[in-house]
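So, here come the structures, one by one.
Look for subunit A in each of the two complexes below; its partner is subunit B in the first and subunit C in the second.
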Partner chain A sequence: MLLSVRNLHVKYGNIEALHGISFDIDEGEIVTLIGANGAGKSTTLHTITRLPPPEAPRVTEGDIIYQGKSILKMPPHKVVSELHITLAPEGRHIFGNLTVQENLKLATYARQDTDNIARDMERIYDLFPRLAERRKQRSESLSGGEQQMLAVGRALMSGGRLLLLDEPSMGLAPVIMYEKFRALKRLNEEDGITILLVEQNARIALQFAHRGYVLNTGEIVAQGPSEQLACDPDVKAAYLGG
Partner chain B sequence: MEIFFQNIFNALQWGSFYALIALGYTLVYGVLLLINFAHGDIFMVGAYIAFFVATFLLGSYGVIDPGTFTGPVIVALAIPATMILTSLVGVALERIAYRPLREKGAHRLYVVITALMCGLLLENGNLALLGASRKRFPDLLEKTVFSLGGISVTNLKILVIAAAIGVFLLLHFIVTRTKIGMAMRAISYDKFAIPLMGIPINNVIVFTFILGSGFAGLAGFLFVMSYPVLDPYMGAIIGWKAFIAAVVGGIGDIRGAFLGGFLLAFVEIGVVAVFPSTLRDLLAFSVLLLILWWKPTGMFGMPQTTKI
Partner chain C sequence: MQKYSFKALLLAITVGFVLAVHFQLVDQYVTTVAMLMGINIILSTSLNVVNGYMGEFSCGHAGFMCVGAYVSSVLSVLLFTKDRVFGPALLPEEFAVIGVPVVILIGGVAAALAGLIVAVPSFKTRGDYLAIITIAANYIIISCLENMDVIGGPRGFQGMKRVVGAMEDVWDIPWMPVLVLVGTILSVWAIRRFVSSTYGKGISAICQDEVAAEIMSVNTNKMKLVAFMLSSGLAGVAGGLFAHVYGYVNPQSFNILKSTECLVMVYLGGMGSLSGSVLSAIVFTLLIEALRFAIPALNSLAHQLHMVPASYEIGQVWKWVVLPLILILTMQFRPEGFMGKKELSDFFPFLKKFYQRLED
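Presenting the complex of A and B:
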């Protein structure tokens, strides 16, 4: 087991956002958390990445175990630099005043294996040729889809082995979205990157992931292999439009 | 003609002081979007640290025998010592006053007011500790006058101007070419994503304060070498002026702070060359007001908060 979330209760202020959820991810898997807006999907990712206060959700019960150890006491930058868990956040959060190349370089800030950085950079440009064409441009001048690719590229450049993706399909034209998911599939199959995908678009998420969990107002209500979830009548009715 | 060139060198010297202080304002603003109103008083503290380090090395406190070091050696030792000690004061301020507010998610307005109060605390703390009597900075360098084709300039002026240019080039290199410089630029754009890159955000902020306060310490040292009288309020006016210079240059941009400092000095000296010196600040600030009226974000300013 690479990551194991156990009976996690999380509060924002006085409001409980997660009421004891549990799920596991094995190395090399693609797992998806699907659910409607406000179900607690982003909260789950922010709890794993240990965002600093005041944004941080507060864990009141339960634990997050990564490679056998609890990570709840870790500062957020060490989750990236020591555990190699990285998040491509919703809304991209790229550094628009830096160039594409600078964004990717900045992500290597804490990496010790300097020899591999150039190789990884080439890999990103190989997966996302659009970024290679625009490497010298200020990244705020990129289109929304390209910025999303940059956000994923940056998460990988920081040395991520477990990649958390928050709504990667949001606001993308279908062509760009499929291009992006193909690149993510290659990352999983060729580079062995484990992926936890949070999506409102359940259809694409279940096509892409091996397994899935359905989150509804802070609780997991269904789980199983993607094909099975996609056929589940309740899931179909609630998330796949019948 | 002689007087004209004297004025040019005076303006370059004052511009260097303003620029060195303005760079500290702009660095902190560029990273935290915080106007660190205590910065002028950090400059004052730097001047006092310079005084105590210099008199210590001269043998005033009985630790070192008087005459152990010559003047130039003292300058060479005291400048880095002053910069390091002053940067510690800046870091302490960040640690004690600004960080707790930031970590509780306080609105920037409260942090700015805190900075203003910290400046007053430094001034009045100094007054309580050392009293109101002014101190005189010792003469460390023998004055040498170089003359080039009728234009004479002192070694001290050359040192001051060279220091400002050197600091600017160093900062420009750090901000544009190094990873920590990139992180400094990135923080102001999106603070949320910084830890997601594996970057300990507080280290970058501390580094920013080290740079800004260290250069204020350098400015304090060079200032009291040139104008050797110290008092607790010496940082107030020059700090305000340097802040205004940074804003006119485009706050958040180091080129703006540098050129803004020199612009202010040239306008001031230019006014005094033509009008009675009592009109200096009135006319100088009117000119700066016109510049802001024409370009509200300053010479290098961008409409968005995307700078350093």
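Presenting the complex of A and C:
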């Protein structure tokens, strides 16, 4: 078990957003959390990474175990630099006035294994050829989809082994979306990167992931292998449009 | 060779200036203005770390200068000279030669610790709210000192002239010009090293996007702590130098007006431009001195032309109309400052060969 979330209760102020959810991710898996707006998907990711500060959600009960240790007390920058859990956030949060290459270089800020940086950079350009074409371009001039690719690239450059993706399909043209998901699939299969994917687009998420959990207003209402969830009549009715 | 020519030039100017002062080729007034220039350079470059590079808005810089000034003054009077309140010197007066630079540094450390008043709230507070906290910090520091009767309270504190005198007895060189020069060069060097290092880039990352900074594993709280403490610590060093140059300090000389001066220098020069801050500190000091002559001239001219009532004198207080006006006009017409985020070497590429290139 790589990451295990156990009976997690989370509050924003006085309002409980997660009412005791539990799920597991094994090394090398792609797991997806699907659900409607306000189901608690992003809250789950923000609780794991404790980002964005300072409005980070407050855990009232339960635990998050990563590689056998509780990570609830860990500061956000160490979650990245020591545990190698990285988030590609929904609002992309890239540095707009820096070039693509500079953004990727910056992500290596806290990395110790400097020898591997050049290799990882090449790998990202190999996976996302669009970024390679635009490596000298200021990143605010990229399209939305390219900026999202850059956010994923940056998460990898900071040494991520567990990649948390918040709504990677949002606002993307289908052709770009499929290109991006193909690259992510390669990343998982060829580089062994574990992925936790949070998605509203249940159809593509279930095509892409090995297993899924369905989140509804702060509770997990269904779980199982993707093919099984995709055939589940309730899930179909609620999230896949019948 | 090119690499060293800039340093050689700097050294030549430094040595030339010190020699000129020593052999009294320049008069006392010019020397004082030059020292004030150095102190202003330290103030503006150090405030630029927080207001420019980190993008926070600190407007209580003079408060930290005040801490540095008082701590170093009290220590140097206590240790190196006979005083009415503190009694005889604790150390032989000759030690002042090494002691005073050390004491000024201790003043800087004390100011850096005072910087925690602002740094710790900055973990959770940003923007306007943090600005209010910095103003409050400025007032807290001044009020504390005004109520400490043992070091003079609102009357101020003096005795540093005797210490500087003792230094000159040991070795007759112009000590204060030398210390100010060394202090200025070292602080600008330290800030340049800090903001251009990979570690220091963390504060630029915070400036642009705090979440993104955390994602690339910048410890944002620690970086804020470092930036605020570096900035206030150097302000403390400037304060210590200021106190020893004038030989007299008073809490009210570090009030919000002094902080405003620091802000004017930073915003005039350009946020995030180190050479901009240095240049604007120089221009600003000259401007203040020019006003010192221009205002009486304006006054007599206005009286000759009967433009103001005979009973009214245009006094030096009008300085406090001109300086904020400069700030307003800068914000209105060139909000990024005269240099913007650029350095001098971006405008004059030939200067680049004087610097070692750090990138690629």
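Following the convention adopted for this analysis, the second predicted complex is superposed on the first by the 240 of 242 C-alpha atoms of A that agree within 3 Å, B and C clash if a C-alpha of one lies under 4 Å from a C-alpha of the other, contacts with A are read in each partner's own complex, and residues count from 1 in each chain.
The rule is simple: contacts are C-beta pairs under 8 Å (C-beta built on N, C-alpha and C of every residue); 3 or more make two chains touch, one makes a residue touch a chain.
Everything numeric in this text was worked out from a predicted model, so none of it was measured.
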{"item": "Joint occupancy of subunit A by subunit B and subunit C, clash or fit", "value": "clash"}
{"item": "Subunit B versus subunit C as contact partner of A:Pro57, first or second or both or neither", "value": "neither"}
{"item": "Subunit B versus subunit C as contact partner of A:Gly212, first or second or both or neither", "value": "neither"}
{"item": "Touch count on subunit A, higher of subunit B and subunit C", "value": "B"}
{"item": "Partner chain(s) touched by A:Pro75 [first = subunit B, second = subunit C, both, neither]", "value": "both"}
{"item": "Touching partner for A:Gly35 - first (subunit B), second (subunit C), both, neither", "value": "neither"}
{"item": "Contacts on subunit A seen with subunit B and repeated with subunit C across the two complexes", "value": "51-54, 75-78, 80-81, 86-87, 89, 93-97, 106-107, 109-110, 154-155, 158"}
{"item": "Complex interface listing, subunit A residues touching subunit C", "value": "51-54, 75-78, 80-81, 86-87, 89, 91, 93-97, 106-107, 109-110, 154-155, 158"}
{"item": "Residue ranges of subunit C touching subunit A (in the complex, touch as defined)", "value": "123-124, 198, 201-202, 205, 208-212, 214-221"}
{"item": "Contact set on subunit B toward subunit A in their complex", "value": "103-105, 179, 182-183, 185-186, 188-190, 192-193, 195-201, 306-307"}
{"item": "List of subunit A residues in touch with subunit B within their complex", "value": "49, 51-55, 75-78, 80-81, 86-87, 89, 93-98, 102, 105-111, 140, 154-155, 158-159"}
